[in-house]
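Shared chain: chain A. Partners: chain B in the first complex, chain C in the second.
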Partner chain A sequence: MNAGLVLDGLTTGGLFFIVTLGLLIVFGMMKLINFAHGAFLALGAYTCVLATSHGLPVWLPILLAPVVTGVVAAVVEPIVLRRLYGRPMDTLLATWGLNMIIIQLITLYFGRGTQPVKTVDLGAVDVFGTTYSLYRLLFIPVAVALGLSVALVLNKTRLGLVGRAVIMDENLAQISGINNTVVRFATFVFGSALAGLAGALLTPIASVDPNIGVPWLFAAFMISLLVGISPAALGVACVLLGMLQVLLASLWDPTIATLAVPVAVVLILRFFPQGFVKGARVS
Partner chain B sequence: MSTQSRWSTARGLWTRTGGTNTRSLTAYLVPAAVLLATAPALDIYTKMILTVSFIYGLTAVSIDLLWGYAGVLSYAHGALFGIGAYAVAITATSRGNGVLSTVVLGGAIGIVVACLVALAVGGLSFHSRADWLYVGVVSFAVPFIFERLVLAGGEVTGSSSGLSAFMQSVFKPNQWYLLTGIILLLVLSGATVLVRSDTGTLFKAIRENEIRCTYLGIRVNRVKGVLFTATAALTAFAGALLASSQNVVAPDLGGIMAATMMVIWVALGGRGTLVGPVIAAVVIDYVTAIVGAEFPFIWQLGLGVAFLLVVLYLPGGLMSLLRTPMAILSRRFRPAESDDRHADLVIRASDSETPPLNGDEPPVLTLRGVTCRFGSFTAVSEINLEAGAGEVVSIVGPNGAGKSTLMRCISNGTYRTAGSVHVGGQPIKQLSPARVAALGVSQKFQHASVFGALTVGECLRIAQARTVRPSLWRRDRVLTLPRSAVRVIEATGLSALLSERAEDLSHGQKQALELAMVMATDPKVVLLDEPTAGLSHEERTVLGDVFRLIASTEGKLVILVEHDLDFVREISSRILVLHQGQLLLDGSVEDVANSRLVQEIYTGTFDEQELADARES
Partner chain C sequence: MSGRGRATTLVASAFAAVMACTVASCSSDAADDNSVLIAIPVGLTGANSVVAPGVVQASELAADQINADGGILGGRQVKLKIYDDQSGANGALKAFTAAVREDNVVGIVGMETTAARNAGQPIAAETNTPYVYTSGYEGKACAQNLFINGSTPEQSVNPLIAYIDENMGAKTWAIVASDYAYGRDTAAFFEQAVKDSGGEVVSTQFNPVDSGDWTSALQNIRSAEPDVVVSILAAGTPSVTLSKQWKQSGLAIPHVNLGMDEDTAKTIGADAAGVLYPSMYFTGNDSPENKEFMQALQDKFGDDAHIPNQMTVPQYVGVHLLAEAIDAAGSTDPAAVLAELPNVAFEGPSGPVQINKQHHAELNYYLGEVKQDGTTEVVADFGLVDPGEQCPELQSAP
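Presenting the complex of A and B:
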């Protein structure tokens, strides 16, 4: 196997990780699947489009995107999600409706076509004898850094303690004086902001159109069911699935390879309903 | 005692059923007449658009049967529709002609392939350990996979541009319009008959309370799998109609957005109403074709907003807005007593004889070394037990003694960690609750578990669904129940409540109903987990008598968990004392209820040494 393929696998895994982390946090804490995640990815990407077309420096939207997405999430959480708490299937439908609405709004403003974006051009570097895009390579440390910070916050801070309490037993947390409404609000905004960041990071390598988030949403949805709330398990799953997809793409067909994630997840969960981590799934 | 008991609410047995059928027939004949009458007046363009809308109406019927009635949300049907369409297109392309036989062949291939895919998807989705999220994952994956496969299909599927002009038109637009309109009406009528039949009630029961169904011996996953496959065939048929009438197919026909639209039609129209989703599908698809061409994004945005609003504020869809005025109207124009279509149910006791007990039958229930651990905690340890027909066995012990766990080890073959359970000589192995129920075990849960949206009569009908196959097309007016069930109904006054909705019953009535449902399965072993919790003294006395009666005269083995020792003393023939997962005492009422050990265990004043001695002996 050549080094380029390994790097492809690792960077694809890193990308999966970045895209999934926000959805995973919302899923783990709030026990709901946020199907608007795809639209939030698109919001992040279009923040880049808007910012760079107004002449802002190309790195700035990477900071702006999570803010914009977080603000939108902060607006929709009380309007939509708070009302549906405890109705997981309706939440899934409602966030899917939200996804449609946001994507249509983007389409109304920007049109259906692909948007040109000025992006960070870092050029290529030589690693292990192959020339490889430095930008893609950066996905690996970015994923690791994001994963570590979430794990640190979750395990070492008071905020994380509250979070873990809510994950384990929401009712007990509530009668212990934790304000679940605030925790859920903050979780949703934070998870969505991560989606915005991921969308911004996607712009140099994916063509920016209103549906940019949809395939990623599916991959993220599937992966998060596999790994529960553990960032470490997410890392392992992403690298394995990334490798699988890259291998299939080089050996067989790139379009078929995008089926690697859904097919693998469907089969794994059929025989191991708990996924990678015992006790990770909500019942 | 008479072997035949009969109740009738004395209202006309025939008029009501006849009325319902006439009304539903008129409901479909009127639009059919309108359809035929307007055909010459409409222009070709409108008819062509409506043809497509009618075809999508068929998919709305599929999704509503699955989601609205059986509670299974499926996005996979988007892909199944695509499979039907592509099967016709690919067949026509490869055969190079467009005669009717090609359409029929292609459609047949599409339906077969869609059924195979549905069986695979159903096999993955509907098994004992799958939760609804997993079903969602699988169902979302299918349209995604379909789109990718079509894109990767090269010349065979036409990749991203799809296939077009693969045949000469089989029918003229006017004929397609009539044909699809009539097919839609026929399918809608058929589906309406189905959901009003006893099988339709079974679907609703599964939607309402899957666990209760399982413990009544209903193979829920099989029912869902069959319905899923049948609706897959209907959806693929619709897809085949689309390809044949439009002469063009594209990957997004079977993609996730198409699947989403089907769900939106059903949600907007009103799940579980059939007519609502069909109207929504036809109207929305028609308006999309007209308005959507000019303002596609605004229209899609409006649909998204409407969908969100319905999910948030109107779970019953737009049909629920119509229902209230319709109910008021029907009350005004129709005599009040004919409003209830369940009022004519007749209950009969089955006349099979229970062989008299002579005391030397083999044990009905045998437990050997039954142990149940949760991680390092042993909830039930090494229980040995033999119990025979006609016994009333009470299990007592403080909270956490393992009483409910022991019950579960008997009713669910997958629950115990070690040991064996035999029912009527048959081992329960690792069987699912539904299959243990088929061996003759029936359990009543601690919290009354009934089918809230169903009437009492319907609940009892579903309780028998394992042995009496529900009709696909009619509602049986006669309900033949085992005598033990009839005794429960008789004693608890349920016979007067047959047409009440189960969720409107009082707590005590719900407990009685669940007990009657448990008895309706005609079990050998009846497991009752705190059957009198929260009941008044009076209700409790009635139930106590019933328990004794079904054991002594119907030869059931009744095992119950109870806290009230006085009650236990009154009704039991035998008492088991569980403490910390172990069987401490097993004996007659005199032996156990008066024992100091039992009192001490309950009050927590027992002596460890004494306890150890008791275990020794």
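Presenting the complex of A and C:
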């Protein structure tokens, strides 16, 4: 049972990570909390619905979802966000409006009910003395892979160098010849694509209805407050909060557990205003 | 007057006209065209959102049939207005306030969560507005204006436990329930009923109504190792998320889900295979009334028709019962309508229904099992079941 509890915590942390990474990248790069993140999660999930209802094999939509979401983001960024550059409050409102519009469009087309979607059926495996859902276990390697990829790109590639320059100081970056517009466009598309991927990964365990992204947007938002743009810091935060939520839910009460993330975030920020990041460096 | 001045005056008067129109309700929302307005509060958003579309369809079908048959009170049309109660107390307050205090509806027919009912009913009671509650619930809700054709635990739980004892020899039980009045009260009822039958409840857990995360609940069930698990959930989304996560977890324990319905089961599909659930209605019912009903649903909604279930059929029946009561009373006066409600009966897809047992109704109960393709097969017929002593102080003579 204890192994099961630990695995619950780790896999919950992995899922937090996958859902939050896209929001974090947009936050770090563009200093913008993208409230449309929940809608992009939903778009990813509904892409799976459409794809599997047309007979595509179940693993293909997982690759398709980030592409579709990325395309939507690519269309939306120049139309909605680019015009509001330099107006952070307005941009925030715009992403919130975008969230509402996308979700209402989904509701108009699909209805409010839950959508049937074919999902992978991996069953459970015996591991560490307990039987555990294989699908949930996969959240851990997927989260690690995503985190490593982002960290590698940020630290080891020219693209990442450009990104880190923009994060550190946009004006200096612009003066040294970096095209901020392109960087922000690419960031928004990439962050949204990650949201789409997360949405697709949620379909086997969540109800695919227009509100599928709502609880995750909330959790991702809270966790993002704690972390700069470091995937490593995000990883640590997600594992800790995942374990905390699971322990509270299993050993105390699930209703109390829903408070775990927000209360923990508030407490941590109270005593460590920088959150999990040492200084404001990208590490 | 200068050009600009005239334009301003025009705009101002147009604006004033629009404002006056809005205030005086120039829209056709109020029943100003001799129709009889009935409120349909339902969870368009929130936990019930998954089952709400079917509930609305069933209500509309009933109203259509009544109107096609010549309406009530000498040719007046029945008109429905749908209100979103957001599956909970806050939304119900808004919905009932609008329905009762602003729109002055003649009656209310609602498939709602207990939380919504508890919040809305006092508002309906203020004006003695007839409220027909159509959802299965935890029992013992009693009021002068409240009539219930939804099931009570005496009907859904007692025959079920007897069946499981007989056919599955279960000794230990685990309960997982939605954390609100219905979940808590029904879980308590269940625990007592299991104890009375000689079994033992080894684990009882509650999960927030709007929570889609059953990770810890499933972990605790796994360690409790019960012979059978009973879930007592709010209708709709909780069953979807629990079924999916149950499937992924690989648990192989028999699972009875009081919150499951035929429409949601079909949508979930294979992930719900093997789940058992009791219901007073299944689409396989062989009666002519049911066949007519299903055909009418198909004719009206075509491919968009939702599979009828124990949430939508009582709603359909409830609208018919209320309309008949208004007609029998000869007026929309609340006291007159309430006096007639115990007297009217309706022969519908779930059999004959009359709300004459202390404001509750006898219902025929069955047990269904979800198949691999999401359809439900009826595996047991419990016969006509009495709702039990719900409101002894509200004796309404049949």
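In this section, the second predicted complex is superposed on the first by the 276 of 283 C-alpha atoms of A that agree within 3 Å, B and C clash if a C-alpha of one lies under 4 Å from a C-alpha of the other, contacts with A are read in each partner's own complex, and residues count from 1 in each chain.
The rule is short, and it goes like this: a residue touches a chain if its C-beta (ideal position, glycine included) is under 8 Å from a C-beta of that chain, and two chains touch if they have at least 3 such contacts.
The structure presented is a predicted model; accordingly, all values stated were derived computationally and were not measured.
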Query = Given the superposition on chain A, are chain B and chain C in a clash or a fit?
reply = clash
Ask   = What is the contact status of A:Leu269 with respect to chain B (first) and chain C (second): first, second, both, or neither?
value = first
Query = If you stack the two complexes on chain A, which partner ends up touching A:Ser133: first (chain B), second (chain C), both, or neither?
reply = second
Ask   = Just chain B (first), just chain C (second), both, or neither: which does A:Gln174 touch?
value = neither
Task = Kindly classify A:Thr255 by the partners it touches after superposition: chain B alone (first), chain C alone (second), both, or neither?
result = both
Query = Looking at the overlay, what does A:Phe218 touch: chain B (first), chain C (second), both, or neither?
reply = first
Request  = Using the superposition on chain A described above, determine whether A:Asp121 touches chain B (first), chain C (second), both, or neither.
outcome  = second
On chain A, the residue positions that both chain B and chain C contact, one per complex = 112, 215, 253, 255, 258
Note = Counting only contacts in the complex, chain A reaches chain B at residues 33, 80, 83-84, 88-90, 92-94, 96-98, 100-101, 104-105, 107-108, 112, 214-215, 218, 221-222, 225, 253, 255-256, 258-259, 262-263, 265-266, 269-270, 273, 281-283
Ask   = Considering the complex alone, what residue numbers of chain A touch chain C?
value = 1, 4-5, 8, 11-12, 111-116, 118-119, 121-124, 130-133, 135-136, 204-207, 209, 211, 215, 246, 249-250, 253-255, 257-258
Message = Could you list, by residue number, the parts of chain B that touch chain A in their complex?
response = 73, 124, 127, 129-134, 136-138, 140-141, 144-145, 148-149, 151-152, 256, 260, 263, 267, 297-298, 300-301, 303-305, 307-308, 311-312, 315
Message = Give the list of chain C residues in touch with chain A in this complex.
response = 44-45, 49-53, 179, 205-208, 211-213, 215-217, 219-220, 222-223, 236-237, 240-241, 244-245, 247-250, 264, 266-271, 306, 374
